[in-house]
Structures are given as C-alpha cells and as structure tokens.
Amino acid sequence: MIIVMKADTQPDSPELSQVIQMAEGYPGITTQLHRIEGATRSVIEIYLLGPTGVVPTEPFEEFTSVERVVRVTEKFRSIGRHGGGLEAVGFDYNGVHFSQENLHVFPGVCAVDEPHNLEDTFKALQENGVQTSRAGAYKPRTSPYDFQGKGAACLPWVFELAGKFGIRVIAMEVTHEKHVNEIRQALRESGNATGVMLQIGTRNAQNFELLKVVGQQTELPVLFKRGMGITLEESLNACEYVASGGNRRIIFALRGMKTNLGDPHRNFVDFAHVPVVKRLSRLPVCIDPSHSVGSRAKSPEGLLDIFNVTAQGVIAGANLVLVDFHPRPEEALCDGPQALLISELPRFLEDVQIVRKAYEERVKRTALPD
Amino acid sequence: MIIVMKADTQPDSPELSQVIQMAEGYPGITTQLHRIEGATRSVIEIYLLGPTGVVPTEPFEEFTSVERVVRVTEKFRSIGRHGGGLEAVGFDYNGVHFSQENLHVFPGVCAVDEPHNLEDTFKALQENGVQTSRAGAYKPRTSPYDFQGKGAACLPWVFELAGKFGIRVIAMEVTHEKHVNEIRQALRESGNATGVMLQIGTRNAQNFELLKVVGQQTELPVLFKRGMGITLEESLNACEYVASGGNRRIIFALRGMKTNLGDPHRNFVDFAHVPVVKRLSRLPVCIDPSHSVGSRAKSPEGLLDIFNVTAQGVIAGANLVLVDFHPRPEEALCDGPQALLISELPRFLEDVQIVRKAYEERVKRTALPD
Amino acid sequence: MIIVMKADTQPDSPELSQVIQMAEGYPGITTQLHRIEGATRSVIEIYLLGPTGVVPTEPFEEFTSVERVVRVTEKFRSIGRHGGGLEAVGFDYNGVHFSQENLHVFPGVCAVDEPHNLEDTFKALQENGVQTSRAGAYKPRTSPYDFQGKGAACLPWVFELAGKFGIRVIAMEVTHEKHVNEIRQALRESGNATGVMLQIGTRNAQNFELLKVVGQQTELPVLFKRGMGITLEESLNACEYVASGGNRRIIFALRGMKTNLGDPHRNFVDFAHVPVVKRLSRLPVCIDPSHSVGSRAKSPEGLLDIFNVTAQGVIAGANLVLVDFHPRPEEALCDGPQALLISELPRFLEDVQIVRKAYEERVKRTALPD
Amino acid sequence: MIIVMKADTQPDSPELSQVIQMAEGYPGITTQLHRIEGATRSVIEIYLLGPTGVVPTEPFEEFTSVERVVRVTEKFRSIGRHGGGLEAVGFDYNGVHFSQENLHVFPGVCAVDEPHNLEDTFKALQENGVQTSRAGAYKPRTSPYDFQGKGAACLPWVFELAGKFGIRVIAMEVTHEKHVNEIRQALRESGNATGVMLQIGTRNAQNFELLKVVGQQTELPVLFKRGMGITLEESLNACEYVASGGNRRIIFALRGMKTNLGDPHRNFVDFAHVPVVKRLSRLPVCIDPSHSVGSRAKSPEGLLDIFNVTAQGVIAGANLVLVDFHPRPEEALCDGPQALLISELPRFLEDVQIVRKAYEERVKRTALPD
C-alpha cells in the first residue's frame, strides 16, 4: 500500500508523522519514505510493507494532507502506476534530471573505436549544447567471431574525453556484472569526470541475474531495453527485477521488435508504445531510432527514416532519444550504415526541437481533462 | 520505360510529339500519355509499352524538354517509384485533391446504423469544415453470427445525408464485386450527392478477384488496406492488382499488424511505414488509428492513444486519416469502444493541425537535399 | 441444443419420434435431423432450433436411447465440438469416405500446365492405388504479372483425364464464385467423370463472401486452408461461414504460418495443431507439407523435409495429405522447386504407411481412457 | 579447413602423420586432432588453424586414407556441417552416448521441490530403465516475486538421490556462471554420484557471457535451448559462443517459439526444425514437448498433445526428449499443470518406442540415397 501525500506536505510536517505512526500501528507493518521529484512539484510517498491486506484505506484518507491511498497490485509492483494512482518517478543523476515530463537526446557512437572519432563526436555535442551521449565499450554480437567491443581498456580515455567536453551522462551497455565494477572503478579513477547510465541490451532483457546486479547497486541509473520476442508486459516484469533490488532510477527503452512484418526496417518500430509505457509504469521512456530503422533510407520529402521515427517517438512524449552518430561511418566497427553523420547533428537536434514544441502544444491544448 | 517530361512541357508541344514519334519508331512499341497532377506543378509521363528492353534511353535524354528516362522494374510495376525516378501520383475526385503532399481527415462511423447517428456525425463534420468521411455499409466480421452491416438498403439515405451536409467523399468498404455496382447505382440515383472511395479491407488484401474488379473500373478511387499477416512488399504487390487493371487512383492504408508483440494495442501500430510507402510507391498514404489502437486508453498527459498514433502518422507525412467517431458509442453495432465522441472532434482536428504544421516545418527546415 | 441419440437408434425408432415431439412441444422450437457417419458406427443428432435457452436438458436425458444432450455455445457453433460432447462429422463424397478417423493422400500438381504432365501424374497415381489428387486451374499469385492458372478452359480435359485414371476426388482451388459454377458445369459435361473438392486458399481464408458461396451449395465439399496471419480460433470462425451456409462437408487444412521464425522453411510448420483442430472441431484435418516446407531440402539421414513434416502430421492423426508432385518440375509453371518427383511417389506412400501404422498402434496402446 | 580421414584410419597410422606434416608445412598453419565417435564407426578429423585461405585442398585429397577435405565457412564455424561435408559430433558423458543417431528420454521435474517428490520420480525412472532426467535447481521466472528455485542448497540431496537410483545424467539449468562451479563442486562432494548437463534456458540464449563460461569448461556438456524471438540461424550463431570456447559437447534444444500464431499451445511448436538443425549443425537435437504445449490437453483419440508433439519430434529423428513429470503436480512450485503423472511414464515411454521404431524403419526403407 502506498500513501501519497499532498504536494505541499513538508518532510517535517506533524501530519506526516501521524500518518506514519498510524500505519506502523498495524501488526507487522513497517514504512519507507520516498520523495518523487517532478518538474513542477515534489511528492512524498509512504510505502507500507508487510501484511497490508488487512490495513484499511479509509483512516488514512481522512487526513487532510493525504492525497490518495493506493493499493499496490502484483503487476509491476515497484515500477507500476497501479491503476493511475501514482505519478511518474523522476530522478537526478550527475546534474541531469530525468522524468516522464522532459526530453534528453543521447547522440553518440554505437561502439567505441578510435579516440579521434570519439573526440570529434563529443566535441560536436558540446558545440551543440548536448551533455548526454552514448558510447559502447562492451558489445554483444550475434556471432562470436565479430568485434566484441574495446572493453574495460578504453574506459579511462572515454571518461576523460567525456569530461573534457562536458558530457554528464553516457549510456553504456553492460553484459556481465563485472562490467559494472569496471565502470564504477574507472569513473572514480577519472575523478568522476562524467556519469554512466548502465544499459541492459535487448538480448539480456531476461538475463535476470544481471538485472539483479544492476538493481542492487544504486550508484548508477539503468537504461533497460525491452526484449525482442516477448510482450511489453513481460519486458516490464523483467524491469521489476531491477527495481525490486532497490534501484529505482530506471529508464525503459523501446528499440523495435524483431519480426519480418516490420521489413524493410531492421526492426518493427514500436514507438506507439511510448504512451503505453508511460501509462503502465512510472518510468521515463527512451526510444532508439537507429536500431529500429537500421539504415539511412530517406523519404521523398528528404527526411531520413531515422528522423521520422524519432519524430514519431517525440510527438507522443518520449523522454530520451538514443541515436547513433559517427564522424566517419566507414571506420565504424559496428552498425556504421545506420549512423548519422556529425554534420547532420544540428539538423537532427532542430528536427527534435520542432517536434517537441508541437508535443508540448498538444499537451497544453488537446489533452483531455481527467 | 517511362519518359518524364519537364514540368513546363505543354500537351501540344512539338518536342513532345517528336519524342512520341521517336518512341513509336522502335519495333512493337506503343505509347500512352499520363498527366501527373502535383500540388505545385503537373508533369507529363510517356509510357512505352512493348519490347522496351532493346530501346536505348540516351536518344530521349538528349531532348531538352525530357527530364529523365526511367526503366520500369518488375517490382511494383504500376505503383512503384522505380528507384526514385518517378514522382507520386496525385489525383482529383469529386472536387478533392489527393496526393503524397497534402492531408485529409476522414472522421466517420465504422458501421452505418441509424440515420440520426449518421446525421449527427455529418452535421458535426460540416460544422468543423470537414468534407471527407467514412461510413461502412458492408461489414466483414470475424464470426458469421455478428452484425454484417446494413448493406445496399442504407445507401440511398446515407448518400442523401452526405449531400445534405456537404460531404464530398465517403470511404466505404466493399467485400463483393456486386457492392461496387450497388454503390455506383445508388450514387447515380442520389444525383451524385456525394462521392465514394471504395475501401478494400485487410481481410481482402489478397482477394485478387475483388482487386481486379475495383481496378478495372475507373469511376471510383480505391483505398487499399494492407494485409494482416503479410509483408509490406506483399501488400504493395497486391495493390498492383488494382493498378494493373487500369485504375490509378489508389490510396494505400496502414492499419496495424496482427501480432501479440503489439499488445495491449489491438494491432501493432505500423505508422513508421508511412515514409517507406511514400518512398517505394507513388501512392498517397492513409493511416487508420482507430483499428490500430482499438481502445480509448489515455496517456498520463491526457492524450488518447488514438490521438498519439494519429500524431505519429501525421508527423511523418501521412496523407489521410481514417478515424472512427460516433455520437452515441453505446448504440454502435460495431467497434463502439474505440470510437471517439463527436464532442471530441474539434480537439482531434486541432491536434492534427498542430502536428501537420510541425511536419511542414520539418520538411522546410530539416529535410536533406537530394 | 443438440440431442445425440445412441448409436443403435434407428431412424424409424418410436423413441426418436417421442424425443422430437417433446422438443417441438417447447414454444418456438423446431428440429432438424443429422446423421453422422463414423467409421464403425453412425449416430443420429437432433438439432433444436429457436429459443433453446429455456429448454431443460433433463427430460431428454431420461430417454434410454438418448446418449447425451449438448448445449451449443457461440464459439464454432456449427463446426465445434462444444466441450467434447459431439463426435466428428464424417462424410462420403463420390465414393470416398472422409472422417477424423481415416487417412487419404492427395498427391498432384500445384498448377495444371500441359496435358501430358497431368496424364503422367494421374497414371502414376492409378498405378499406386491412389484415387484422390490435387490440380489447380485457378491460381492466386502474389504478383498480377505471374502465371494465373489455365482457368476454366482446362477443366474438360482435366476431368476427362481424371476419369480415365480412376481419380475420384480432385482438390481444386477457387478464388471467385463463378469458378464454382464453371467447375460444376464442367463436371456435368464430363459425365461426372470425377469429383471436386473446392479448395479455399489461405489468402481467401477471410474472404467471407466466397466462403458463403461455397457454403450455400452442398454438391461439392470444401477444403478450407487456415489464414496466414490470424490465430487458429479466427480461422475456425471463418470456417463457420462455410458451415453456417448449410454445407457441412468441410475439411480444415493446415499449411504453415507466415513468419520468419519458421525460416529456413517457407512457412512455420503448424502440424502440432492437428490434434488441436480435432479437439476443437468436428472436421477432418488436412496437412499441406509442400507449401509449408517449400523446398526439397533433405536431412542427413536422407529424408526430405517434406517427408518428415508429412510424417509429423500423420503420426498425430492427420486425415488428408495434400502434396505437390510433378513429372517434370522444370516445366512446372508454379512452385516447381518444392514438387516431389513422380518416381518418388511409391517411396512417399510407403513412408506415409509406416507412420500411419505407428499412429494406429499409438491410438490402440497409449491413448488415455476418457 | 578440416581434413576428414577414412573411418579405418588408426591414430598411429603413418599416413595420418604424413598428412599432418604436410599441413604444418604451410606457413603459419598448426593442426588439431578431433575424434568423432559415431554409432557404427569413429572418424578422425584434422583441423588446420591459421591462414588456410592459401592452402590448396588437392594435395591432401590424393592421400588414400583421406576421405574428404572441407573448407570451413564463417557460418556456424565450429558447430556447422559446412555444406554437408562433415558428420555429426557424438560424444560420451558419464557412460551415456549422445549423437544424431540415437535417442534418450529425460523425464523429470521442472523445478526441484521436496525430496520425496524427487525420490518418487527417480525411483519410477529406475523401474522403467531410464538413466537420464531433468531437475531444475535454479529457475528464471518472468516475475521477480515468483519462486526462483531451491538453488545450491538442494544440490547435495539431489545428486545423492540421483546416484541412489542410477541416474547418470541430469539436465539442469544454470542462469549465472557461479552456478556452474556450485554444480561441479557439489558433484565432486557427492563422489560424482551422477552427471550434469548444463542447460542454457531460452531467456539466456543470447547471454553471451554465460555462453562463454559454459563453453570454456569441458567437464560438463551443455544443453542449449533456442531463443524465443530470434531466428534459427541466430540461435545457432549463439550456440557458436559455447563451441568457440572449446566445449564441443553440445546439444541443441527446440522448445517452441513465442507467438500467438501457436495458440492455444503455450508456444508455437517448432519440431519441424529437428531435421533442419541436423542438416545445418553437427549437434544432437533435443525437443521439449512440455514447455511447447504447456497443458494436459488431449485429442479426441485420447492422446495428450504432449504425447503427440513428442511423437512429431521423434518421428523426424529427435535425439533427446526433455519432459516434465511430477508425482504430485498439485505440489509443484512451477509449471504443475503441464506435468505428466508418474503413473503415465510407462505409457509415455511405450509411445516414444512405437514412434522411434517407425522412424528407424523410415530411415531404412524410405530415405533417399545421396
């Protein structure tokens, strides 16, 4: 059971204490306090743990500072909205705020290769005012004989370069629990020059042991990519493995589904699920247009499909965009053909901005009242 | 082989005659003239029919009024762009222009039921300046024991009402060739009070005999809905059955694909294919958000999923939106739960307008040059 | 409601009359008599039509000659087993008996081409004691520019050849209602030299208008192929369109599902559904190994995949096998690469026989009691 | 490049030495010897490692004791047949021989629960002459709040019981690399009372880090279950991660694919791929009928679907059958509804035997010559 306090309730408010006291008066019940930071207001939630089945909701609803009392269902216990009663969970990491209400673009390289390529990439980001990026050091590949990523060895110079160009958060895939420690250590050794969001790739979406590991540390946030051949509900269940470990700083990412019904795109673009994930869960939603589309194909109007599907995610309220850029795609060791050029970055950002503005206008003017 | 003339070439230009004469000088070659009406310019195309394999392109390319010469490939012979060499085929019907460049919204009832419901619907359309609608008289249903539509009997009053409220084009599904004649006759008997676009439903996407019939008449345009379990390429091939019959006034409609990977939506929304269909074919592209989503679920921002996926289609350049409305969804004999309310029409149209404006800005500012 | 009489009940039995009389005593109830011909016994079923909701079952169950009373549910009303209470519906056509209990092989050509090829095929069938075959005169093809079948013109010589070699039933696809009449007329003109089972192809599985037409005639039985992108339940619902028209002589055919998860086979082989269709419906079940596999690939043991998947259908109780043979695959106008050679027919039939024998042993020795 | 020696070549044959010497004479080439143990003969293969692109095949083919020389392609480098040139790789483990030619049934519990249930299971196996079983200690579950398995704690008594009842190999899923060590240690501590085949579940089919770990040890064989939403080719590629680590004792398991096209079965049964895997790879092929079907549904003949799909795998040459049994399904902590009863074991084994005999007859009588 979760008791949501009204927005103006202070952490030291006497009513808050009374509510907690009443809750803990029921046999076997303990409480936890969570503070949800939204864009315009912050909210305190009191979690009741233990045999809550017999705890009534009415006594709590009578407090004037209680907004509502929500019974938590089994489904998506930690990340769910439980029938709409709960707000999204925003969070701050390394100076960047993530929520279901704002938008960050993460342009970057699919796989780290040479320092000069990463330097050119980060430099372009800085010039365009972008502080969030992607850069893969560990690459899971379909065949064992393909390039598997630069690994831990590249982390020192990756983080140093990131710091140099003001990158605050890098999304970086991990495929083994030891990668988490390698990244944490390298971050510390870089003097925390930047921050890292641990990315769980689609192939590991049901690698529950790895999910537990990234869920049991709370230093680094987690970017969870939905699984390929499973339903959205099963992916959200898998995401619970992260949250149930204690780490609540999670982003849910859509990256297309593997089925030939989506041809000629590499994957069947699933960004119509952006509002669905926002409705079912409290997590900010990320889209990955590059891996969904998988090519630089262009519409007759001159808009790349990657631009178009990005626009489709953003117009429906996506909160993060993970997108492949490369200064020299011909040198890329992985997925070069789908990379956008550094010279296309301003155009891409302008495109996103046009669409985001339209999204905001939609929310203001055409959203239905509750 | 198709010879595309420059935009300012007049039908009576001497060079045009010379080109035709030269073409018909090759053994066994005959020609056909097609005029493509675009938003800003119209183009004349000369089709060379016969053994064109041995006809060279160079002599034609030397004419100053020839823009380009395109070799037609097997794939999507009539509707394809053949490597980008051909422009989209726009067309006029009953005073409405359709093309890959503009946008029309077709709000209406999934299935015709009672006159007062249709009257309320058409009246609302007129009040909101909409002249295009949908209204199903023949309904293919999964079970033979479900309501199968009002049939030919309702056509007279449907067309009369349409005329009364200034509706110029109604999209109407046909499932049997006799329906085409019934509609044509009822239209005539109504004094052509309105116009009809023949809709081929997803279940009949590979009913080649029906496709031939609607393709062999040229009075009414055709709205072809892609098939459920087949690839996009196979649906475009099926669409060729319409075009190869002679009718070139075709719209290609996306309506979601049937797979549980799209749950909880009724179908997996496939509007990322909007730019793909525009790239591969010369046809205007329609989206059907109602049948894709199948419910009135709403995002936390208060935007219905139907609004959101419509926005996703429009932001990527969709040309038609087929959307279910009903003044009294509880009286609807089919798909009531997914219908928008008549009172929501202004909001829906405003939403579309916001997004269309953003799309146009994208084309102007972020499209890549050729 | 259906009242199933005990197996030894005679059509002129006094108790049968009493049951009917009692049934028709309820307000608004009329009755129909159906005789189900099984391999070892025949059963009389009395259908109660009208407002059966208020008719109790108990009074009927008290008759000693009543085996059971089954309430008919909406789902698969005509073809369903309604919870197991009803037996399969076998039928005779042109001297051949079809049921869920026996097995017929239909080797033949995918598409009729030249008389000498069909003659060689039928001759081989006769030499191997086979009286059932397939031969397509009307071919629905993915592209309108592919060979579309010989059409009505070939029917006279096809039927004459069939008669000459003792073929009693040919499975023949129809894609338009006029084909049904063309076939019936040609059959008559051939002096009913053979019989035809009307095949509904997978692309027309939800062409409800065509299903109604073949369901409203009762001269020719129907072979219904499941739809490609729809669930088994939806295909069974479509099959109801045939049955609800009055024609109860229906075979349900499995032919693989279109999804790349089945690669490298042409379709995802779905013969695990053989027992499912037998459980849910009263229809004999056919398998089409040729279109499922789509190639002559061979296992290391030397067994063609087409042989192997046939064996998989038969070992689970399939009742018909529709399989492509061709005396000269290089001359085939359609699907030549998947055709078996006439010289392989004896081997194929022996393979089927080995497996069918094992199936029968399984039923005898390892089936569970009710 | 692989040089396959004739079957009667002895390891100490002088020609073998000459072949090796010639091979190592090419610059940068080293060799490895592998001995393939088939049912009726054993074969020596010489692997050439290094820059084999410039090594000609002719000089080797001239040796009378060389059967053939096979150029290894990228695709399925270690596990592939490379165009049919290589035989299957059989292997022995703990006294049991596995190959593409024989058949073992692994009846057992999905998840280990109480000792008395496991004891009853193993006892029944012994009474029926079965020495191979399944028993899950580590269970990956869709939700983190479901039972996750007894873990390492149960291993001592599981192995002791296995030893007591003569079980030689238990298939046991591992989801974390530490499980491999826990199992190896517990085996040693049990005095190697039994053996374990490490099972990689479908959710970890592309958990490449785990695949590397089980591939880099050679003590225990690996049972690899194909991934859910990926193609067969991608699953075989993933399997290469095991083989490329050095462990060649691998079984490839089919367990159905997740798509609603397979409804009402839990997964779309994919056993038509049995001969495909045998053709593409050198690995023995396992089927898992319990997880494919997911229920105890029964055909009208009285054959459980689980029996039927098992029969479908076996009739096409499956080499292992992994099947859930439970003495008290109502006590099962996982997948009870799909478990067969211990009392059904003799019937199941007899069913398998009937079908295997038919398979062997097919190979003898209806297989095509090369």
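A, B, C and D are the chain letters, set down in written order, and residue numbers restart from 1 in every chain.
Quick note on the criterion: a contact is a pair of C-beta atoms (placed from the backbone, for glycine too) under 8 Å apart; a residue touches a chain by one contact, two chains touch by 3 or more.
All of these numbers come straight from a predicted model, not from anything done at the bench.
Across B-D and A-D, it is A-D that has more C-beta pairs touching. Distances between chain centres, each the mean of the C-alpha atoms, put C farthest from subunit A.
Inter-chain centre distance (subunit C to subunit D, centres taken as mean C-alpha positions): 38 Å. Centre-to-centre separation between subunit B and subunit D, using Cα means, comes to 52 Å. Distance between subunit A and subunit D, defined via averaged C-alpha coordinates, is recorded as 38 Å. Shown for subunit D are the residues that touch two or more other chains, namely 229, 257, 259-260. Subunit A contributes residues 259-260 to its touches with subunit C in the complex. Put simply, subunit D touches subunit A in their complex at residues 74, 77, 140-145, 175-176, 203-204, 206-210, 212, 227-230, 234, 237-238, 240-241, 244, 257-259. Within the complex, the subunit A residues that touch subunit B are 81, 84, 87-88, 100, 229, 231-233, 257, 259-265, 268-276, 278-279, 292-293, 297-305, 307-309, 311-312, 315-317, 344, 347-348, 350-351, 354-355, 357-358, 361-363, 365-370.
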